[in-house]
Amino acid sequence: MKNPNIKVGIVGANGYAGAEVLRLIASHPAAELSIVTSRAHYGKRVCDVFPALPSPLVFSDMNDPLLKKCDAVFVALPQTAGATLVGDLIDAGVRVIDLSADYRFDDIELYEKTYNVTHPRPDLNALAVYGLCEVNRDKIRDARLVANPGCYVTSVLLPMLPLCKAGLAANIIADSKSGTSGAGRKSDEAYSFCAVDESFKAYGVFNHRHAPEMSEKLGVDILFTPHLLPIKRGILSTVYFDVTDADEALNALRSAYNNEPFVSYTDQLPEISAVAHTNRCLFSARFSGKRGIIISVIDNLLKGAAGQAVQNMNIMFGQDETAGLPLYAPI
Amino acid sequence: MKNPNIKVGIVGANGYAGAEVLRLIASHPAAELSIVTSRAHYGKRVCDVFPALPSPLVFSDMNDPLLKKCDAVFVALPQTAGATLVGDLIDAGVRVIDLSADYRFDDIELYEKTYNVTHPRPDLNALAVYGLCEVNRDKIRDARLVANPGCYVTSVLLPMLPLCKAGLAANIIADSKSGTSGAGRKSDEAYSFCAVDESFKAYGVFNHRHAPEMSEKLGVDILFTPHLLPIKRGILSTVYFDVTDADEALNALRSAYNNEPFVSYTDQLPEISAVAHTNRCLFSARFSGKRGIIISVIDNLLKGAAGQAVQNMNIMFGQDETAGLPLYAPI
Amino acid sequence: MKNPNIKVGIVGANGYAGAEVLRLIASHPAAELSIVTSRAHYGKRVCDVFPALPSPLVFSDMNDPLLKKCDAVFVALPQTAGATLVGDLIDAGVRVIDLSADYRFDDIELYEKTYNVTHPRPDLNALAVYGLCEVNRDKIRDARLVANPGCYVTSVLLPMLPLCKAGLAANIIADSKSGTSGAGRKSDEAYSFCAVDESFKAYGVFNHRHAPEMSEKLGVDILFTPHLLPIKRGILSTVYFDVTDADEALNALRSAYNNEPFVSYTDQLPEISAVAHTNRCLFSARFSGKRGIIISVIDNLLKGAAGQAVQNMNIMFGQDETAGLPLYAPI
Amino acid sequence: MKNPNIKVGIVGANGYAGAEVLRLIASHPAAELSIVTSRAHYGKRVCDVFPALPSPLVFSDMNDPLLKKCDAVFVALPQTAGATLVGDLIDAGVRVIDLSADYRFDDIELYEKTYNVTHPRPDLNALAVYGLCEVNRDKIRDARLVANPGCYVTSVLLPMLPLCKAGLAANIIADSKSGTSGAGRKSDEAYSFCAVDESFKAYGVFNHRHAPEMSEKLGVDILFTPHLLPIKRGILSTVYFDVTDADEALNALRSAYNNEPFVSYTDQLPEISAVAHTNRCLFSARFSGKRGIIISVIDNLLKGAAGQAVQNMNIMFGQDETAGLPLYAPI
């Protein structure tokens, strides 16, 4: 039925993003899982650890030589933890899609300051292509290393880049709200059901790590406030800005992603349920005088992480860009 | 046990706000329910319609003469539907707390334009006191008619009035998120469980009716965007503004409600669960250069509606202001 | 990319089950949507009515002649509403998968009594194959009319049929709990977010319409109680029974679906999240003396409706039975 | 306003049950908080640890001598952890309401086997009165030690005791579903939001610790299966049984709690939202031939824990039994 040609490895497959990559690859028409790794679950079968993922594969270690025999490896580890491995894989000729922030920044000092770390392999940074698919498609095609964008960042960049590139927006404030899976798999009372359910809160005010990533890519400083939604998946960003010319801005937004399967301008204000469990980004805009508001929605684990990562793989390996990626949202 | 002296009527007791007034009055130490009305449930016992409200009272009609024998009547009807009744009750010497927007505006033309109606009793508007308890306490004490503030409005005014009065804030944007009970009791697919659960959306962008109410009370134009949260109760407002002096602003916020039982500045960013099911408002501020952000939370049905209404009654009738009003939030 | 050979029509594509069929067919590797109908949305584009379903198709009427040119038509209409259309389609040589209860019963009088209707086309009943895929696969292969099983029924039959056929279980009680999508798309306060969220209730005690369907297929009377869960999708059935031989029963359960991709016995008690958004059924058993308990989970809209319907289509048209059907559950 | 005469201590006030006692006592008209203890939060102000609980009290240690000066102490500690303290308090003349299982069992060996512990103070067991208020009111009045019943147990005993005492029910199966707060305050991925939300599961099949408590109090063996609901609070128990005489059973159920403020038979099937945030138990019954089904609902943290504990205190100290306890459920 399936004609696999891309041999895939996943490092850190027990985190939410890694597990979603695993799920997508398992039903991808042109990819095959060769190896999945997890420190926590080493030696166990995927299906025994996660009944939701009926894969007979056994979790390996990230030092397993099989990784170097893959065509593509998704690295879904915490900041800096996978940076050296990424280098080794690239040296071995493997093409890497890194889901951490390690290779997202042009300015490596900004990265180090933002994450309060020392980059283990700054030399590789020049190789990395920022994996915002619709924007960097041409560079991604031949990239050896793709840095998959942050979830909040994707929700803001897709609608705002066309405006910022055209100099149409200033004084940008992004008020974003994310489902709880954005925090990762957690054993922490703050993310317990009773703490999150029927509540809502802001966090990281004036100091969230996605703000510098947004600002660098947009080329302007942006004020960004994230909030925690009592839902599993999805991000909605409400972006406020001063617009120089509302008609021109609307035209720019309408035309920017004209033939894109995953990114669309809509007249109706979009809601999270329209894109949850898909790889889509929907956005709409409203203007009043010199004020503009954009509402943008994505699934934080798909277009905001694993889905965009697989889309990057599709581009890198000459596949139909939509292969294995859900377009239609369930009820 | 209870020594009731205030005879209370509730008009429109089947809406969420009216039902919450009913619930609060049922356990209020100094008030007694005389009559509750509902067009939809006329002639039925409250406990038969609402198993959650074990009151043996029978729903009356809003023309029932018993209403005029009450000391206080809460009117919880849609815009304009209760405006004439309010006049009749006041003429009969009853003190009225109106939960609609009918008497909230100083500028009656702004009200009529905002709600797209003709005010049935504009003559009464001058009598009405805007029932933001902590701010207008002295006027409320002797008021014959109190206009209970809007829910979103309360969440924004409490923290922002001290700043606006002192001229410390400009360029205000309120990005607010409300639980679904804010939409009222609804038979509408858009508010069905499957439509709201695991989703989130903005609505009323640039044209929500609470924006003019906020702007009138703050004395400056405000940009306001409401969103629908998949929770039953609670509002969180994230308010962005340019601050002229951050230290002064912080002092103003810290001191504004110093001895208030229900309204408090907190150092921690507050979340909805800290105030849900209580009559409290908690807020906190963060500053960075000339930018300020305030996070403010209330329960939309209590401090944002029925709770503040009962607090107004307490003030009007010389009771302890906290009587019958929850301060501690449940888990 | 896709090599479509099955031309598909969907009648009643705006209900939850119909919309899920639409979603599955849209990404099915061997099927193509020819026509979708909806009385409510006639003449509108699917993507304009449902932003979650980016299909450019326009909703047709159920009398559209295009239906008769399809290879397979899914009929997802309320009881009796589609029964005549089903006959017309079959006469035209179209193979039909009916998601209503119209053709599920061997005993048509039991059907009429259960649903309190007169069957419009009792003559067709003999043609109908009960579409419980893993059990009736051979008959489904050549069926002209497949009656897709009820959602609750599927969750109970899959684990209990192996026991009942072997005479191992008696005194069966099925205590089932379903997500709210099981009630269908509703504009009804009883299914509003505020009514369902943070609550839970039983309904249809001793008189739910799925009990006769279960009892007929199991060949023994069963006591069935459904409950409404505050989640969108999923059913968990807790089935109590007297077991004649626990070891034999466990063997029967373990071996019944040995090589099935979608139905599995598990040692761990399964939970809804392991199968939500998939076409799987997981179940586990526990025994204590002569008492047995089975816990069984499915997604009510997939294995309990649209997913099983598409699985039936796959069988009928000689496709890989898993084509287009999700196996891995998302986070 | 408040005329306190009962000096109250709470040991283990940071658990959910303890925190709910704290909340109830804070607004109780005849009780005053003297001391609250928490090992985890020793030395911190309650309001700083829990913004939802604006109490200026500082968490003490459970060895604080102030505990012995209280009139009533609520002990909300894990099994055995408070058993010795309970003895010391009783020796000091303090009346104790223990929320653990330590003193619930008549048969101390059954307790030790069920909880797999050695009872630290078996000598005290004879003193303890089982605090099911409506049933043991007379003994509770003068008790020095009240053992507060388990949450699941309360939901089952209240409707089933009248039947079992009259020999009207046999072959009892209780299929119970509880909100997540029943698991306590947890830092455990299994209780994380993403694990619980949109899911549902059974646990403790054939071996939950509340089964022996139920069976002992009912005087017959009962089959009990608990499930985890994706809601914060509330239990619904669906109880199946063989009935000897349905009319007699219905009469027994209707009359058992005739003038009780908190416990009521209802004709409508009750749902959790009708009792959440209250101290009520509602139940209804349906019969078909020799089969009976009872649906019973409580709030697991109130009637199932803290509320019943305070009700016990009210009885013990001659207060109105409803003092400080919510009767009306919020929306």
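To keep things simple, chains are lettered A, B, C and D as they appear, and every chain counts its residues starting from 1.
What we mean here is this: a contact is a pair of C-beta atoms (placed from the backbone, for glycine too) under 8 Å apart; a residue touches a chain by one contact, two chains touch by 3 or more.
Owing to the predicted nature of the structure, the values given are computational and were not obtained by experimental measurement.
Contact with chain A and chain D alike is made by B, C.
Summarising the inter-chain layout, the chain whose CA centre lies farthest from the centre of chain A is D. One inter-chain figure worth recording: chain A and chain C are separated by 35 Å, centre to centre, where each centre is the mean of the chain's CA atoms. Chain centres here are Cα means. That of chain C falls 40 Å from that of chain D. Rounded to a whole number, the gap between the C-alpha centres of chain B and chain C is 46 angstrom. Residue positions 16, 181, 194-195, 197-198, 230-233, 270-271, 273, 331 of chain B are each in touch with at least two other chains.
Residues of chain C that touch chain D in their complex: 173, 175, 177, 194-195, 197-203, 205-206, 223, 225, 227, 229-234, 236, 238, 240, 269-273, 276, 286, 288, 291, 293, 295, 331. On chain C, the positions that touch chain B within their shared complex are 16, 180-181, 185-189, 191-198, 230-232. Looking at the complex, you find that chain D touches chain B at residues 1, 16, 19-20, 22-23, 26-27, 29, 51-55, 181, 198, 232-233, 264, 266, 268, 270-271, 273-275, 277-278, 280, 282, 301, 320, 323, 326-331.
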